[in-house]
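Shared chain: chain A. Partners: chain B in the first complex, chain C in the second.
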Partner chain A sequence: MDKSMLKYIGKRLLISLVTLFVILTVLFLMTRLMPGSPFNSEKLSKAQLAVVEAKYGLDKPVFVQYLTYLKNMITGDFGVSYVLYKDQNVSSLVFDAAKISFAYGICATALGTVVGMLLGVIAALNRNTIWDTIATIISVLGVSIPSFVFALLMLMLFGVKLRVLPTMYDEMDPVYSSILPVIALNLSVVANVARFTRTEMISVLGSEYMTLAEAKGLDRRTLIFRHALRNALIPVITVLGPILVNLMTGTLVVEQICSVPGLGKLLINSIRSNDYNIIMACSFLYAFMYIIMMLIIDISYGLIDPRIRIGKGD
Partner chain B sequence: MERQKILEINDLNISFKTEGKKLKAIRGVNFDLYKGETIAIVGESGSGKSVTTKAIMGILAKNGTIDSGEIMYTWNDEKTGEPHTVDITKLTEKQIQSEIRGRKIAMVFQDPMTSLDPTMTIGKQIMEPMIYHYHTPKEEAWKKAVQLLDEVGIVDPEARMKEYPHQLSGGMRQRVVIAIALSCDPYVLICDEPTTALDVTIQAKILELIQDIQKRKGISVIYITHDLGVVAKVADFVNVMYAGKIIEKGTIDEIFYDPRHPYTWGLLSAMPDLDTDDDELYTIPGSPPNLTHEVQGDAFAPRNAYALNIDKRLEPPMFSVPGSKTHKVASWLMHPNAPKIDMPASLRKRIDKMKKEGAAHE
Partner chain C sequence: MDELKDIKFEPDDFELIGDKQNIMIDEVEPARPLWKDVLGRFMENKGALIGIILIIIITLLAIFAPIFSKFTYDGVDTAATNIAPNATHWFGTDAFGRDLWARLWTGTRISLIIAIVAVIIDIVVGMTYGLISGYFGGLVDVILQRIQEIINSIPTLVVLTILLTVMKPSLTTVIIALIFTEWIPMSRITRAQVLKVKEDEFVLASRTLGASNFFIIFREILPNIFGQLIIMSMMTIPNAIFYEAYLAFVGLGLTVPRASLGTLINDGFENFLVYPYQMLIPSLVLAILMLSFNLFGDGLRDALDPTMKEM
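And now, the complex of A and B:
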């Protein structure tokens, strides 16, 4: 890595910081402008409400609240939960939920990528045959069926009819009870990756360098594994980043359906009860992950593809 | 020394299936290639020149089939020196792939910018065929690859071995492609428009390089090109192809100084040169026929100002030009009873001038 690369990364980081700041400000204002307050549902008298609000500093002007929040945030303090988990530290709440969501996201993306690439490659190699059609049908279905509909179908089939898999998240047995939601999440990954891989693979197979490799007298297996796959799969990395972040930061509905205590569920519940600090922390994490992931993808893309690699490789 | 025949193509017919129709791309092609000699196949796009060589390499597209004909390939056994002959069209794909392609017959492609694998180092791409076909140990393959790069005129070959294609210029890449083709010591090198995508200044150098290698290694070369300038520089024999047939063949002198087929006249007239009197460059009117339809008579007749009535009904056979063993023309104009027609006057003038210049050079 040489200077230009470092400079590029530095610049990207700076822009990311500004973006995060803007997102934070907008989020803060929006949560405060939402109708209602965290203590709507509790039967409190006006005097009691004033006491509670004073306790959390919610009686001060929004601007002052904002400054306090920023100051605390920089020291790593994201405040406490007002309602959902009375007075618990938001950082540890989000951290616990993120652990589950991240694990789900990574598993679903990894599984989906492997299956998707396989499907895409098979479709491209057997173009215009029954295999291609089957792979295409799977990807069209995967893209068009929302994952929660698929999750419900899976729950129905494997949980209710066949009774082979648990439908609800079980803290005692997180692996077994995660099979259904992970498969439900992974469908869209399979679909996207398969479609993309197929297109890439077909264009690589038709390229001049594949003809040259064929003219070398290599057998079909060597041709595909040594020359085609690498070239076809590099571009797939670009679509993986956003997919991974999407899934890692929790998928609202699937987590809700399968009662997975992940980020998605936490966020929905906190919005329902106006638990400002949790909304802020979750949303902030989303934004942060997205920006960082984009940066990582850009850099790793350069590392894998020699044409984009900056500076001297190897 | 007796000429040794390496490749003999007899009455080759190839067709493609497209959208339910049958396209006869190659209609009875014949030619021979001898050891150490160079032949050129000249023709417009779609005349079938690339298809012919792809058939020799066994890399026809999936919808293409060899309907009839032979591609006889002869080589000497490495130990006993005895000649063996096989018909490539009778071999299985597996046999062609493991025995012929890349190993005995290698190919140089048109566009060096796109014909190298962008994610593999130059060195690996050159070593790959040797390691694959001959199981050459890696160190030995490395040495040989460096030597090949040196032979094709690449400076500092050791350093280039570790580089990727995008780090090299077009001319250098074509040298690398040639090095890859030579990596398994082939007997035949097929060059498919090897200079079309290159700068004019580089073109001559690449042609010289191929000629130089050919002399040193004694290999035979087939050039596929539409550029008669290239043909004039490199070929011993020329085959002019039109609509899937060879319509005139002969030595380079016969084709350039004594062309007989009106299509060859057209090709030669269409060649730009510095001191043509006309302001406009000559073009052959019309375009090649659609080969999904059965060709009636001579395929060139509709574009031929000299076409005879018989051209519309009967396909002309190959006539031998009197007094030559090598010069053959597929045109009814060569029939003893045909009216005597001379080539256009402007072309006559041009050829006379070329002859004079040629004589002056010698």
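And now, the complex of A and C:
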């Protein structure tokens, strides 16, 4: 880890912090300064409304509210829900929802990466054969079919026609009822990773050090696993970033379809009912995750392959 | 020397062949215009060809099908609800008796509008940003890149959430969210390409001849990187289409009674056990549309720049 790398990490951290701050401020101002309040739908008289707003501190000047919010936020207190879950603590609501979403995301990424790599390697080793064609078709379809369409089709086939998998999320049996949504999410990961692994693998197989390794008389297994695969997999890390981001939007919709009580469902419901504190906490968490992911991927890429000078001319 | 004296030269010993033969033209490898090369490579790619044909068919249907249909996309007919596809209602009707053939192609229009909007955003915002940042360099570049990095680390979903706290869910809201984030990949590619080209000799030559910055950017640099930019903007189309359909699906996009592929899929989802055609047909059209744009984009990339082709 040399000095320029540390400097780069520092710079990225600073930018991330600034971005998070900007997002938070804009979100806060937007929700507070706009006409309308979370209590619009409840038929309250002016006096009652004033009482309710005073209870939540919404009657104070926006700037004071903002400072209070920031102060509370640092201690992990994101306020209480106004509409959706009356007076419940937002932090625990979001935390519960996020647990499920993250578990889905991690499962889908892990499964998708393994299957995708396998598919990519098989395609590369059997170039221009029927296996290659099959792998290519799967990856083109996986990139092109929207995740929610795929989820719906899966639901229809396995949940309704064949009746082998539950269609709805079941709190009593979270593992079994999660198979369908995880597989649905997984497809885009498989497609992207397979496509990329294949390209990388083929370019590695054609390189001179592979010819040398072959000339040394190494057997095929060592050749593929020790020499080719290792070098081919490094660049795959770079595509994981965009894939994880895609997955975040994917979970939103798959959660909706399979009625999973995750982060996406919470966010959509809170947008529909103007529940400001939940909107803010969810968006903040999304932005935070996104930024952290980008950061980790950029840094790990720089560490793995020092030849790449990050931040210069892309 | 004596022998030479005996040779007589007549005026018609040599004939002038004129400039019928031009040594500058290589007859072994005749020059072909670039577009012919590109077109040739494109036509060889079956996938890309299928893609462009499907795009044309879908576009024509989206333009003309609603015009020539007896039904309108929002015409409610309570006497004819949930009819399976038949001769009158080619794709059946929904729970309100609205003709799905008309609704489907009106909805496809939205997706195509989004496709066009995505390209316009790419060119107007992304390309300009990248050109300025890459060409002028120095402080301008540093400032523009920092701004870009900050915007790039805001997920589109959060941008949309911010917008939705202020505006009602609608196509405009979605487009504004796209304007905010969609241009970033384009600007990065443009900047990288400009950086590559701007140190070349032909740019230096042009500058020595006294060309203005404007001239150099638009007449020297842009034509040389345009292929890359076209490829990039084609790649953003499927993403944008997906994004709109997806937002409509979760109920943050278009509002009733207007139709988009996403809302149609969502409506069909509500009773897809009983009337699967209501969900399957729009899903299929959406998938085909995205697939076609992907195939077309890939084909265009291979045709314009064979070196970029995946091995």
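The working rule: the second predicted complex is superposed on the first by the 270 of 314 C-alpha atoms of A that agree within 3 Å, B and C clash if a C-alpha of one lies under 4 Å from a C-alpha of the other, contacts with A are read in each partner's own complex, and residues count from 1 in each chain.
Criterion: contacts are C-beta pairs under 8 Å (C-beta built on N, C-alpha and C of every residue); 3 or more make two chains touch, one makes a residue touch a chain.
All values reported here derive from a predicted model rather than from experimental measurement.
Partners chain B and chain C, once the complexes are superposed on chain A, both fit on it without clashing.
Once the two complexes are laid over each other on the shared chain, residue contacts for A:Thr19 go to chain C alone; chain B is not touched. Touching more residues of chain A than its counterpart among chain B and chain C is C. By the document's definition of touching, of the two partners only chain B reaches A:Thr211; chain C does not.
Rounded to the nearest 10, the angle made at the CA centre of chain A by the CA centres of chain B and chain C in the overlaid structures is 70 degrees. When the shared chain is aligned, chain B comes close enough to touch A:Thr222, but chain C does not.
By the touch criterion defined above, A:Arg230 reaches chain B but does not reach chain C. Per the superposed model, the minimal spacing between any CA atom of chain B and any CA atom of chain C is 13 Å.
Comparing which residues of chain A touch chain B with which touch chain C, the overlap comprises 314.
The touching residues of chain A, counted against chain B in their complex, run 207-209, 211-219, 222, 226-227, 230-231, 234, 305-307, 314. Considering their complex, residues 57, 59, 94, 97-98, 100-103, 106-107, 109-111, 114-120, 128-129, 132-133, 162, 164, 166, 177, 180, 184 of chain B touch chain A.
Put simply, chain A touches chain C in their complex at residues 15-16, 18-19, 22-23, 26-27, 30-31, 34, 140-141, 143-146, 148-149, 152-153, 156, 160, 195, 198-199, 202-203, 206, 245, 248-249, 252-253, 256-257, 267-268, 271-272, 274, 276, 279, 282-283, 286-287, 290-291, 294, 313-314.
Against chain A, the residues of chain C that register as touching in their complex are 47, 146, 149-150, 153-158, 161-162, 164-166, 188, 191-192, 195, 238, 242-243, 245-246, 249-252, 265, 269, 272-273, 276, 279, 283, 286-287, 290-291, 294-295, 310-311.
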